[in-house]
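Listed after this line are the structures, all set down as structure tokens.
Each of the two complexes below includes chain A, the first together with chain B, the second together with chain C.
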Partner chain A sequence: MSLIAALARLEAVEAGRARPLATVRHRHLSQRPLVLVPLTTAGEAGAPLGALVGTDPERPRLLTVAQPRDRELRFAFLAELADAVLPYIDAHAADVELVERTETDPGTGKRVKAEAELCADAPQLIVPGRAGIDFVRLLGRSMRFRRTAEQDPEAPYPAPPRVPLLGRWLTHYGERARVPGSALLLAATDLLGGHWASGQSSLEDQHLGALLAWIDPPGGGSGAQAALRAELARDAAGQLLCPPAGPATDPAFDNRLLAPAVESYDRVRAALGAAQEGAEADGWLGQLSLAEREIRRLLLTQLEPTWHAVWRGLELLRELPEGGRAADRWVSDRWSFTSHRDRVLAGEPPQPRRDDAVTAARKLALRERAQAQLEAQEALDDPLVMAGRRLAGEAFVAEVTEVVMAWTESKRPAPRPLITLRTDDSPHLGERVKVYRSLDGRPQSAEFVRREADDVLVLRLLDRMGRSRDPAEGSVPAKGDRIAWTLFEHDQRGGPRLPEPEETPWTHGGPPGTAAEDPDPVTPEDLL
Partner chain B sequence: MDKAALATAIGSPGAFGQSQFAFMRGNAFEARVKSDGGAELMRLMGVEGPTAFRVPELTAAGPEGRAARTALALREATAEAAWTLLDHPLLALEVAGSPAYLEPDAVVVHPDGRWTVVEIKSFPMIDAAADAAKVGAAARQAAVYVLALERVAAHTEGAEAAHSVLLVCPKDFSNLPTASAVDIRKQLSVTRRQLARLTRIEDIAAALPEGVVFDPERPAEELTAAVESVSAAYAPDCLAACELAFHCRDRARAQDAVGALGRSLRGELGSLTTTGEVLAAARGTAGDPADPAVAALRRAAALRAEALEAAGCR
Partner chain C sequence: MTDFDPAAAAAGATERILADTLHGAHRGVVVDSPPGAGKSTLVVRAARELAAEGRRLMVIAQTNAQVDDLVIRLAGQDPELPVGRLHSNDPDPYDKTLDSLANVRKSAKAGELAGLDVVISTAAKWAHVQGVEPWPHAIVDEAYQMRSDALLAVAGLFERALFVGDPGQLDPFSIVGAEQWAGLSYDPSASAVSTLLAHNPELPQHRLPVSWRLPASAAPLVSAAFYPYTPFRSGTGHGDRRLSFGVAADGSAYDRVLDEAAESGWGLLELPARHTPRTDPEAVRAVAAVVRRLLDRGGVATSTADAVPAPVTADRVAVGTAHRDQAAAVRAALVELGVTGVTVDTANRLQGREFDLTVVLHPLSGRPDATAFHLETGRLCVLASRHRHACVVVCRAGVSELLDEHPSTEPVQLGVTVKFPDGWEAMQSTWERWSEHRVVWRP
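Presenting the complex of A and B:
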């Protein structure tokens, strides 16, 4: 944590309210995001208990599983989830615009211009916390290898149609969430914690209710007290007033409310199975739907507060203006969405369990580049983030005190003006260290020449001044300008080119197989 | 001492407890792994067939009796040089000067005299990889068992406690067990060091004022005073580990301690330990400007104020 962020947290402790950590919003927020609040069964992997999902804060769709260990019920839940999520994705997949981009021609190896489809907007998925992102990834893994009756008529327990497709999308979203700065799948706690400093530790910030209480205490009271209440307050029956944001449920809820309800559901179902006569069975059927409704009601009490908290958080975030470069990053999210749409349309098999060597290396390189780019872009978008970099000596703001024209000593002299600056910051500058400033949104570089006094520096401007002997209008700072210079680059260069997966050398396992991977084997006792 | 009851008695109950779903699942999975008299578990070790190994009886009266019975069974199995499965053995280990009894899920004796601890956990291993945090916790737990085994092995000829343990988990989304050997040499040396450095219980008791009692039946004020007579260094990580963490957090917050916001934050601030001190130093109303921590704080406060002002947030 930087000292500036630490200071913000201490100010929050003193004020009893969260303090800003950013002056702009560093993630794009879709006009119509899809919020997903999942719950899972304690101790089971991939056995969802229920979910609230939807794009309208007033009209969430409640999905529940009455007995999470029952395969049939779980498939019904996943099918319903696919019905809720896939139309939202399909709507975005259909709306495209044509853009021109350069591609490498596979035949000649030359760079050529080609027209490509780019989805006009991408679906955005918001979950309450980081555990929700992991759960999306887990759901994706559990679903994408399932086979439907259509794909494989022989297999026992076929999955409902569209479930494997949803699994592939959730996997793609889960993977994309690992790219720094991406916004396809976001956690509300990460979003809020990145923009406000609460008066508690970052560990406690993982509790959505508590974090929100610091930022926006109900009734405008003390954030500290509201957070404490969100964390710990229980009603007379021992249930948390603000249930955890999931996917894990509160053990007290499991033991005192949910377990008895599931038990009575099981009892009624067993009685229904044993019932002989039609009239008797009808009676039990009524009982069964009552037991089911009770479980739905219980799960809704756990889900609803989180649902509202996520939407409230989004509302607060929308009040911040979006950072200019956050919009640029959203374009790469749209590319990511479009390319996965194309892979699905082309009938490619689901993502493999393990990436091949080339894909893994590409993903790693992409994430490293995205991380460096995100750090640079957030600083350029936001003076408060830049303040942290200035404190660390990685950037400085300086006033121009003198500009002396100079030229290179070649046949066609190019301008290399010397600029004298006065600054209060203490950047880590060595001889010929390059620094950059943003000129009309593009970086202009200069190199450090000498230090004339503790707070007086001389830089030599190096580029973006046009081709003629005299620099282009406005490309050289004038006396009195206050300019932010950074020691880090604004754009990230791509790394070395990697071979195509088909050309993976034998040292890295050779080319990957092209066949789709087998689905997970179904075991008779496997309830999951 | 029942810390959970104590925390409830002084009015700051912890948020601990296990869901019965998780509990049932854990038990069902362990039973599944040990089914067929342990044949399934031994198959994971690479030993096929129900007659290829022995399962000695370990029941005895009292923990001392069970621990002695376990030590005897370990020695016998090593002498016979046959595959042997010890189901829920009991091991003794001295912790802070007093004996503690530990019960691993199972210990397997190899014919070559190696003893392997088996940990059965119900979190899944998906595509041969499990949650790193959970594996780490299991490895730390197993390290304590291995330390206890080493004590027995020291008195047994030809025996050696293996420095890798067998972690058994459900495979993917099924109920089928799968296993992986986990190297715990690092956890072993950490645990060994920690155990050696623990203050002995007698020393802790001697440092307490006369007449301090932690009986949850006592009145709340008396108990609170008793708890507060023991010094505590609260950090947010305590919340995940200790039943009394909420009490310590309240106390740290009441004392305005910056440590309540996290260890890393505290590390940045040098000798300044309370929120008031830090903010006063940052605003220039207190503190020595020659102190590098104070100078950095003032610079940070000035930069933050400048940026917020520029953005019109104040």
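Presenting the complex of A and C:
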């Protein structure tokens, strides 16, 4: 935790209210995000219990599984989830714009301009917390290798038609969420925690209800008390007033309410199966739908508070203006969405279970660049974030007190003006350390020359002053300008080109196999 | 043990390594080297012998400083050898000393260096080299500090390779989470050697058995704490290395800890227990004051029994910290005390370097918690193994209590080789030993 974040948390404790960590919103929020609040079954990894899903805060779609260990019911749930999610994705996939971009020509290896389709907007998925992102990944993993009856008529337990497709999309979203600064799949707790500091630990911030209580306490009272209530308060029957944001449920709910309801559902189903006559069966069928409705009612009590909390959180975040560079990052999210759309359309097989050596290295390189870029961009977008970097000695704001023109000693002298600055910050500057400022949105670099007094520095400006002997207009700071300089770079260079997977060297096990992977085999544990 | 001949043991190991490298049947050879065991000497010797056999050689090091150092050593040993220094396009891409070496050609393009006996560059620069004929042989220096994905980018450039490194130093790291690949043989965030050996377990592995850098007072501690299953010995005996001061102690804690370190090889300056920010001003000042007193008192170091005593000047002293902001704060404090020329850096950047005396700001000093970063075995190992004579550790009291409150709780990843010892254990054992050389400082 940075010093400024620690300070903000201390202030939050003192004030009883969360303190802002940002003055702008550092993630793009779609006009119409899809919120997904999933629940999972205790003790059954990957067995969904229910979900609220939808793009309209007033009209969520409730999906439930009455008996989570029943494979048929689980498939029915996943099919319903596909019905709820895929039309939302498809709507974005169809709306494209044409953009020009440079590509490497496979024949000549030269960079050429090419026209490409880019989806005008991308679907955005919001879940309550980080555990929700993991669950999305798990759902994706459990679905993408399934075969439908159409794909493989011989397979036992064919999956409903659109389930494998949903699995591929959720996998893509789960992977994209690992890229720093991406916004295709976001957790509400991460979003809120990135913009406000609560007076509790970051572990406690994972509880959406408690975090929201610090930021926006009901009735405007003490955030600390509201958070405590959100975490611990129970009603007369021993149930939490603010159920956890999932996907795990509260054990008291599981034991006292859910388990009896599922048991009675099982009993009715057994009786229905044993019924001899039509009239008797009809009676049990009515009972079954009652039992199912009871389970739906119970799950809704657990899901609804979280559903509203997520939307409330989004409302609060929308009050912040979007950071300039967050919009740029959203464009890469749109590219990510578009390229996966293309892979699906091209009939490529689902993402493999494990990355091969080259893919893993490429992903890691991409994410490291994204992380460094994100840290720089957030500081450049937001004076409050920049203040944290200034406090850490990684940036400084200074007033120009003098500009002395100087030139390089070559045949065609280039300008290298010396700039004297006065600053109250204490940056960690050493000999020839490079610093950067944003000039018309692009970085201009300078190097540290000397320190004339504790608060007086001299820099030598190095670039972006044009080709002629005299610097271009506006490219050299003038006396009196107040400028933020950073010791970190604003842009990230691209990494080296890695070999293609089929050229994986001997040190990394040679080229991987190319065959598409088979679906998971059915084991006895898959059956009830 | 009295008949242990360090020179013979080291020479025997070197011969076996060279035999495998030059005439072995395998595509790779791995050499583990403890701190100061003559790794660079081995690399230079192997490079010369490979060149003598007429095999074109590429050398991959991790930093520009390491590359320049290797070039200078090679040219020093064999001024006739045609050496290429492949460098980046940045301003001042290499050490200016290289300009004075007649047979060293420098270029930013690999094509211009083709045909030279030896071409040396960093892994990062090699990764951008394309469209050249592969080299028959490569030497990968500091291979344990190279990341698996960096090796992936350059492995297509050579047929066979000698991998040399120190397994006890800092593991490579990534600035984003890489748990999703943990346990895969080619985890891109793991070290190059672990990927290499996972895919090629039959490769011969060697070990250099003698540390020529560490004094007899330090080698047993470093060996036992950080290399419990692959012990090494000091190349010098007790009493060979001597450190003394021209000016007598003034009774201050700084002078007493320096005397203790000169006498025993270790000194611990303990400040009162307190939770502090990372750049603890009191501890930073104490570090700077120890350095200042050391230089003021005119330290004189004797390396071996028959060597001429040499003064300990500022360039023979280093300060090591865990974080960059701590290093920056120490630098500022030294400037305030009028000290210049002393190396101050983080463990990551001190890797592979050697000094007469080091002053270390303990990674756990003043911390309320012990995170995986601060407990990392390699970090402490680097900090505790840079010196030829003595090491002074500056720390706030309460490290053992802190360790007791923070047992290691890192998740166990399937398929990942567990490293021994863990940082927690290494912290405990080194702290116990250093406590015997404690000097208490009071404000």
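The definition used in the following text is that the second predicted complex is superposed on the first by the 524 of 528 C-alpha atoms of A that agree within 3 Å, B and C clash if a C-alpha of one lies under 4 Å from a C-alpha of the other, contacts with A are read in each partner's own complex, and residues count from 1 in each chain.
Here, a contact is a pair of C-beta atoms (placed from the backbone, for glycine too) under 8 Å apart; a residue touches a chain by one contact, two chains touch by 3 or more.
A quick note: this is a predicted structure, and the numbers were derived from the prediction, not measured.
Student: Does the superposition put A:L3 against chain B (first), chain C (second), both, or neither?
Tutor: both
Student: Which partner reaches more residues of chain A, chain B or chain C?
Tutor: B
Student: Give one of first, second, both or neither to describe whether A:Q371 is in contact with chain B, with chain C, with both, or with none.
Tutor: second
Student: For A:P180, decide between first (touching chain B), second (touching chain C), both and neither.
Tutor: A:P180: touches chain C, not chain B.
Student: Pick one for A:P251: touches chain B only (first), chain C only (second), both, or neither.
Tutor: Touch status of A:P251: first partner only.
Student: Once the shared chain is lined up, is A:P20 touching chain B (first), chain C (second), both, or neither of them?
Tutor: A:P20: touches chain B, not chain C.
Student: With the two complexes superposed on chain A, say which partner A:P471 touches: chain B (first), chain C (second), both, or neither.
Tutor: Touch partners of A:P471: none, neither chain B nor chain C.
Student: On the A-aligned overlay, A:P501 touches which partner chain: chain B = first, chain C = second, or both, or neither?
Tutor: The answer is neither, since A:P501 touches no partner chain.
Student: Does the superposition put A:L203 against chain B (first), chain C (second), both, or neither?
Tutor: A:L203: touches chain B, not chain C.
Student: Go through the superposed model and pick first if A:P57 touches only chain B, second if only chain C, both, or neither.
Tutor: Once the two structures are laid over each other on A, A:P57 reaches no partner at all.
Student: Under the contact rule defined above, give the chain A residues that sit at the interface with chain B and also at the interface with chain C.
Tutor: Looking at chain A, the two contact sets intersect at 3, 354.
Student: Considering only the defined contacts, which chain B positions touch chain A in the complex?
Tutor: 15, 17-26, 122-124, 126-127, 170, 172-176, 236-237, 239-240, 246, 253, 256, 258, 260-262, 264-265, 268-269, 275-276, 278-279, 282, 296-297, 299-301, 303-304, 306-308, 310-311, 313
Student: Sort out for me which residues of chain C touch chain A in the complex.
Tutor: Chain C reaches chain A through residues 27-28, 124, 127-128, 130, 148-149, 151-153, 155-156, 174-178, 180-181, 184-189, 192, 195-196, 198-200, 277, 324-325, 328, 331.
Student: How about chain A: which of its residues touch chain B in the complex?
Tutor: 1, 3-4, 6-11, 13-14, 20, 23-24, 41-46, 68, 138, 141-142, 199-204, 224, 231-232, 249, 251-252, 254-255, 259, 353-354, 382-384, 386-388, 390-391, 520-521, 523, 525-528
Student: Which positions of chain A touch chain C when the two form their complex?
Tutor: 3, 178, 180, 354-358, 360-361, 363-365, 367-368, 370-372, 392-393, 428, 430, 495-499, 503-510
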